[in-house]
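Structures for review follow.
Each of the two complexes below includes subunit A, the first together with subunit B, the second together with subunit C.
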Partner chain A sequence: MTKGKLRDLSFFLSPMVLMVFLFYLVPLVMTIYISMTRMRNWNVDRYLTEFVGLYNYERLFHMFQHDPTFKAVVMTTLVFVGITLVINVFGGLALALATFFINERPASSYRLLWLLPRMSPIAVYSLVWYYFFHGSEIGTLNSILMSLGLISEPIPWGQVTPWGAWSVIIFVNGLVGVSFGMIVFTSALNQIPKELVIAARVDGASSWQISRRILIPMIKWHLLYVLTWQFLSLLTTYPHLFLLVQWDLVNRDYGTTLALYVFNTAFGMGEQDQGLAAAAAVILSIIGILGGFVTLKVLKFEKMMKKPRGDF
Partner chain B sequence: MRAAALWLVALVIFGVIASGCIGGEEAKTSSAEVQLTGDITKDLVEIGKVLEQNGVKEVKFSAWGSGDPNSVMRVYGIVEAARRINKIWADNGINVKIVVTETHYVASFQDAYKEYLSKQPLGQAGDFFVNSYAFLPTLADEGYILDITEYAKTYQSVVDDFYPSLIEASKYNGKLYGLPQDTEARPLYIRKDVAQRIGFDLSGLDEKVKNGEFTWSDVYYWAKKAKEEGAAEWGLIHRKGSAHPDLIQFIFAFGGKLYDPNTGKLVVDVPAVYKWLYVEWKFARDGLLPEDIMSWDWAKQIHPAVVEGRTLFDIGGTWYWTEWQTKQYYAKGGTPRGLKPEEVRDWFYYTLFPAGEKGDKPVTLSQPFVWMINSKAGQLNPKYDELKDVYHKLAFLMLIKASDPDINAIHSVISAHLPVRKEAAKLIKDEKWLNDLKALNLDLSDEVKSNIRDIVQATVNPINAQFLADVSYMLEYTHLAPAHPKYPALADIFKEAVDKVLRGEMTPEEAVNYIIQKVQADPELAQNVEIQGEIPKDWKFPQG
Partner chain C sequence: MRDVETRPRRYERLIILALLLASLPLILGFFLLVLSSFSTEMVTNLDPRSFHPTLENWINLFQGKIATTGGIRVNIWRITLNTLIVALGVAGVVTGISALAGYSLSRIDFRGRKTMMVLLLVLHAFPGVALIVGVYLLYRLTFPQNYEVVGLYSFAYVILARAALEIPMSIWLMKGFFDTIPWEFEWSGIIDGASRITVWRRIMLPLIKPGILAVALFAFLAGWQDIIYVRTFLVYPTLATFIEANIEAEYSHMPLIAAAGTFYLLPTIIFFITAQQLLLQGYSGGIKG
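And now, the complex of A and B:
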């Protein structure tokens, strides 16, 4: 690389490099450092220099081994991330494809409808589902089912472990997440030359065949992007879960993921243990990095990064 | 051009240095030593003079509090104290004024605590903080609140007027970190109409409870009868959320303990905890207590079930008495409404939390709210570093003023909390004073009056005052959960165990083992908690 090119590159990349350094690298290093201190109750003056090495990791490991609810937290993380990811990616894809084949005006309204959960404030949105899934007769779902005569006693949806709790948190988060994929995929589909679809139609291809043979292969990289992004996002998401657990709608053990565990440990009641939370956050980051890496490897991300051959 | 710029920079630097020198004369601090004497007027005048001599004309403080809407005096008590001190200064020709810049009042005391914890190190938390004594140990341990032991020694007569158990609750490691603001008892409420339908004679019941003759086995017996005879949907409704402090009462009622003063450790008293969980389990299995009560909605389920008479017993708090009057929980006639004072009086009997079994004692449990002073109190005021001690002493005297018997009594009457001072307890029995309060014909600031006017109209009446007088004796039976930084974590584990036995996910034995396992899973908690005793063999409930 010539000196001039390096200078130009540095000039254009420096704002982003600085941003990454300040907002990603520094917090990551700080988190790792805090995880090795006795930091608690935000008492920076007292604990920031109280270095304890791997003590917090040992404590966490001990809790993983002996805490009866930790297994539930780990299982919940796996199930929540896995299933919600599938819903978010393939639900988004289904919505994008469905609206691709209908007129623009109703398609826009339909897409807007799916964006509503994302636009609602988290507390309001969660409250709606709190009352919807409430385990007594005041819950909308229970009251509908009871008035239809389908059930005689209210069902405590979120407290039926583990699948009741898991279903509620997956449903609530899936409904929010699906719109992200929908937007990306809709945008990608709109970039595909219309001639290809028209030609396929002329040849008698059905919508399903067009989707499978033309559209989906052409938005493969978008699929990969949404998949990776949503995976990392779900691994660290917690606000809806926090409220649903806090309001006792879902079972605490099977409604808590590792991300929520980190949050509760750092900002929860009584003693707020930022050192322990940072240790859990570091482990979460490692899982995220490994998971992201594996996803990209399996789906051959590096192919997308190759220079275009110029024949397309 | 470059020369001009250099001149400009030089001029600015010179200006800065010169202003520093000119200002230096004024920055000199006069004597900032004030010794408290115990005579509040004298002490305030002395502090006022020091502030005046140092050029301070306005002292800014903020008050943070939390609780139900009727408990706003938790912050307006500070506002009123500031006004009273300002008056003393004005009467003595001192040109200094206290301004309460912020009255931050939120519903959830846990949220208020979390906010304080995160903002105190940044210097952004309130100067005064009223919250549960349960958080005091952590705040004291971290150095977030002021140790007022030495100040309080000079005001021993005021301190002595507080109920001793409440002063103890304001201490940590033998040092005083706050003054009690209010407290309460947690009675067992009994619906008189339901009791009558099943032939449950309530006359003299409180005496039987006091003597330990009426135990939880009797509660079970009558709850079952009420349910079986169709007099009520439930036998018992209790509070939800953290097991602290409402359900912890069971441990004391079964003669257990939560703290070992010899070791300074928390205690899981296995026999008492087992009996508590057994009672919960038994009530839920027999359909007398909702098995999902821990996830019931306060406003839509818990309170309506009680005020509409769908239960015979209810474990609540004294503040329910006015809450039922000011909140629209009763919806039997169609439109939700609050109860009339006469209805609350006629419908509810109240007594202590009964003994677990014969030979045990009845109990109640208080969670006193304590006025604490930020260890950085007054930091936004002029010359904080030089006058820190003066600002802190002034903050302490504001607490003394905010604890004036009338302020405390007003809070008690309008929020149905119990007074924390004996003088205040006398005042709420004074009919003339009550009438003056009803008419707001008291020496209070306009700001305070306008903020409590509606609450006063809704709550000040002889029935409510009588209720407070009637339940005051319960303080003699009160227990306090231990002041230990790890206690909230233990209370949370108890809550999880209660939820599991209520839902039938665990038997009482399994739940006790679950608690032990959870405690031992956290090395730090394990170091601070002792497991004592064993699950009793052949223990039966109900008995007799």
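And now, the complex of A and C:
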């Protein structure tokens, strides 16, 4: 490498390298370290050096076996990730296909509308659903069902465990994730040669047949991409759940996934236990990193990376 | 390309209607929130009798009177300014860093380039929650002793920490924009003896203005909507933490909180109207869902 190239590269890359070092690498090491200390209530002076080895991991394992609250969290994580993933992928696919078969004007309005959950501030988005699913008669859903005569008493949706709470968190997060699939699938569909669809139409194929026989097989790679990507996202995101639990809209135990559990254990109200939170975070990261590498291998991302043209 | 020319028309209305039905909760929820901000009581149960039009909530909000009794006041403009500082800061940091790194990943061949790109993808998939405990410890360990700089420090820290989350995907996005520029533009500059840095600044940056705009827009929205990082690191309130704290507070007047929510939604609505194409094309990257 010549001196000039080295200078150029450090000019272009050093801010990024610095950020990655400061906000990914150092925190990761620190999290692993905290997971092996008795850190609580952020009492850094007292607990930072109190090394306890794998004690926090043993506690997690013990809780997994015996603590009903923690069991609820693990169950919630599994159900939440599983069902929301299906909704995200197939909801996104349904939206992309539906807007593919209609005129451009209504199609792009709908696509924009479905970006709203992702674009709006989390606090406002949560506020909307807070009133929608509110457990008393002021809740929109309750009042609709009551005026239709389907129920006579308001139902406290989020407090009905486990499925009431699960339905609310899956619904609220499902809407956020759907737009990701929608956008990816829409751009994939638009790259399919027009002639294929027209030829099928001329042969008398219906929209359903076109979707099933032509469009979906051609966007298989994108399906796989959205599936794995959303899996990782769902496993680790929690901001949308945070307020729903904080505001008591959903049951605390059955509205908390492992990612939210980590956050609330480290920063929540009452006694904070960063050692335990860090241990859970490390376990989540291991799953995430493994998932990330499997994704890369399965999707063959490396093949997509070409050498820059004409560099010397 | 879309399925237009040969498609039978009879199903189109059906699809549009089905989409409308599916979107109904979404439309209804946001509509009721905005409506409530112009009403004396919350309009959430579809009862038209609870809607009494008024502008009082908005006037009180801008005057900072958040409760109808007791005289509890906040300076909403100060809170908005805090939110804006975070959002603009995140947008600036993310755009700058990704414009630099995106260029070199797109145009310069060096050892470790592939590894770096794979690593960025893995970083994006990396659980943010696993980091925040460590990020907070770093925050505590570097916390200034001098009280005068605490505010400045917490702003700088929250901006950098939040920007770091957006950086991996933004670099990928920016690299994509650089990839679309024909190599010849740059080549002519280099033949004339300009360095890569000059070429980047004088030739490439003006060419990828749309890309810069897109990345900046998404980063702005990410900083603007954030709640977790601002409530963990920032010592001042933002619109997000203001709403969070007031939902359960005894004294708060809920239609006024609805007005605050609508006010908080304004940039989103503005971008909705002005940057539709940009949003539809570029929103696939950068944000987790």
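Definition applied: the second predicted complex is superposed on the first by the 246 of 312 C-alpha atoms of A that agree within 3 Å, B and C clash if a C-alpha of one lies under 4 Å from a C-alpha of the other, contacts with A are read in each partner's own complex, and residues count from 1 in each chain.
One rule holds for everything that comes next: a residue touches a chain if its C-beta (ideal position, glycine included) is under 8 Å from a C-beta of that chain, and two chains touch if they have at least 3 such contacts.
From a predicted model like this one, the values you see are computed outputs, not experimental measurements.
> With the two complexes superposed on chain A, say which partner A:Arg252 touches: subunit B (first), subunit C (second), both, or neither.
First partner only.
> Using the touch definition from the top, say if A:Asn41 reaches subunit B (first), subunit C (second), both or neither.
After superposition on chain A, A:Asn41 lies in contact with subunit B alone.
> Should A:Phe267 be classified as contacting the first partner (subunit B), the second (subunit C), both, or neither?
So A:Phe267 meets both subunit B and subunit C here.
> A:Phe180 contacts which: subunit B (first), subunit C (second), both, neither?
second
> Per the contact definition in the header, classify A:Ala277: touching subunit B only (first), subunit C only (second), both, or neither.
The answer is second: A:Ala277 touches subunit C but not subunit B.
> Would you check which partner chain A:Ile138 touches, where first means subunit B only, second means subunit C only, and both and neither mean what they say?
Both subunit B and subunit C are touched by A:Ile138.
> Decide which partner touches more residues of subunit A, taking subunit B and subunit C as the two options.
Larger number of subunit A residues touched: C.
> Return first, second, both or neither, reflecting whether A:Met63 touches subunit B, subunit C, both chains, or no partner chain.
Touch status of A:Met63: first partner only.
> Taking the two structures together, which residues of subunit A meet both subunit B and subunit C?
Common to the two interfaces on subunit A: residues 42, 44, 134, 138, 248, 267.
> Which residues, counting only subunit A, touch subunit C once they are in their complex?
1, 4-5, 8-9, 11-13, 15-16, 19-20, 22-24, 26-31, 34, 42, 44, 88, 95, 98-104, 106-108, 110-124, 127-132, 134, 137-140, 142-144, 147, 173, 175-177, 179-180, 183-184, 186-187, 190, 192-194, 197-198, 201-202, 207, 210, 229-230, 232-239, 242-243, 246-248, 259-260, 262-263, 266-267, 274, 277-278, 281-282, 284-285, 288-289, 291-293, 295-296, 301-302, 305, 307-311
> Taking the complex as given, what residues does subunit C use to touch subunit A?
Against subunit A, subunit C makes touches at 1-7, 11-12, 15-16, 18-19, 23, 25-30, 32-33, 42, 44-47, 96-98, 100-101, 103-104, 106-111, 114, 116-118, 121-123, 125-138, 140-141, 160-161, 163-165, 167, 171, 183, 187, 195-197, 200, 221, 224-228, 232, 239-241, 243-244, 247-248, 257-258, 261-262, 264-265, 268, 271-272, 276, 279-281, 283-284, 287-289.
> Could you pull out which subunit A residues touch subunit B in their complex?
Interface residues on subunit A, with respect to subunit B: 41-46, 59, 62-63, 65-70, 134-136, 138, 156, 158-159, 161, 248-249, 252, 267, 269-272.
> Touching subunit A in the complex: which residues of subunit B?
Spelled out, the residues of subunit B in touch with subunit A are 110, 113-114, 117-118, 120-121, 138, 142-144, 240, 242, 292, 294-297, 300-301, 485-489, 492, 496, 503, 505, 514, 517-518, 520-524.
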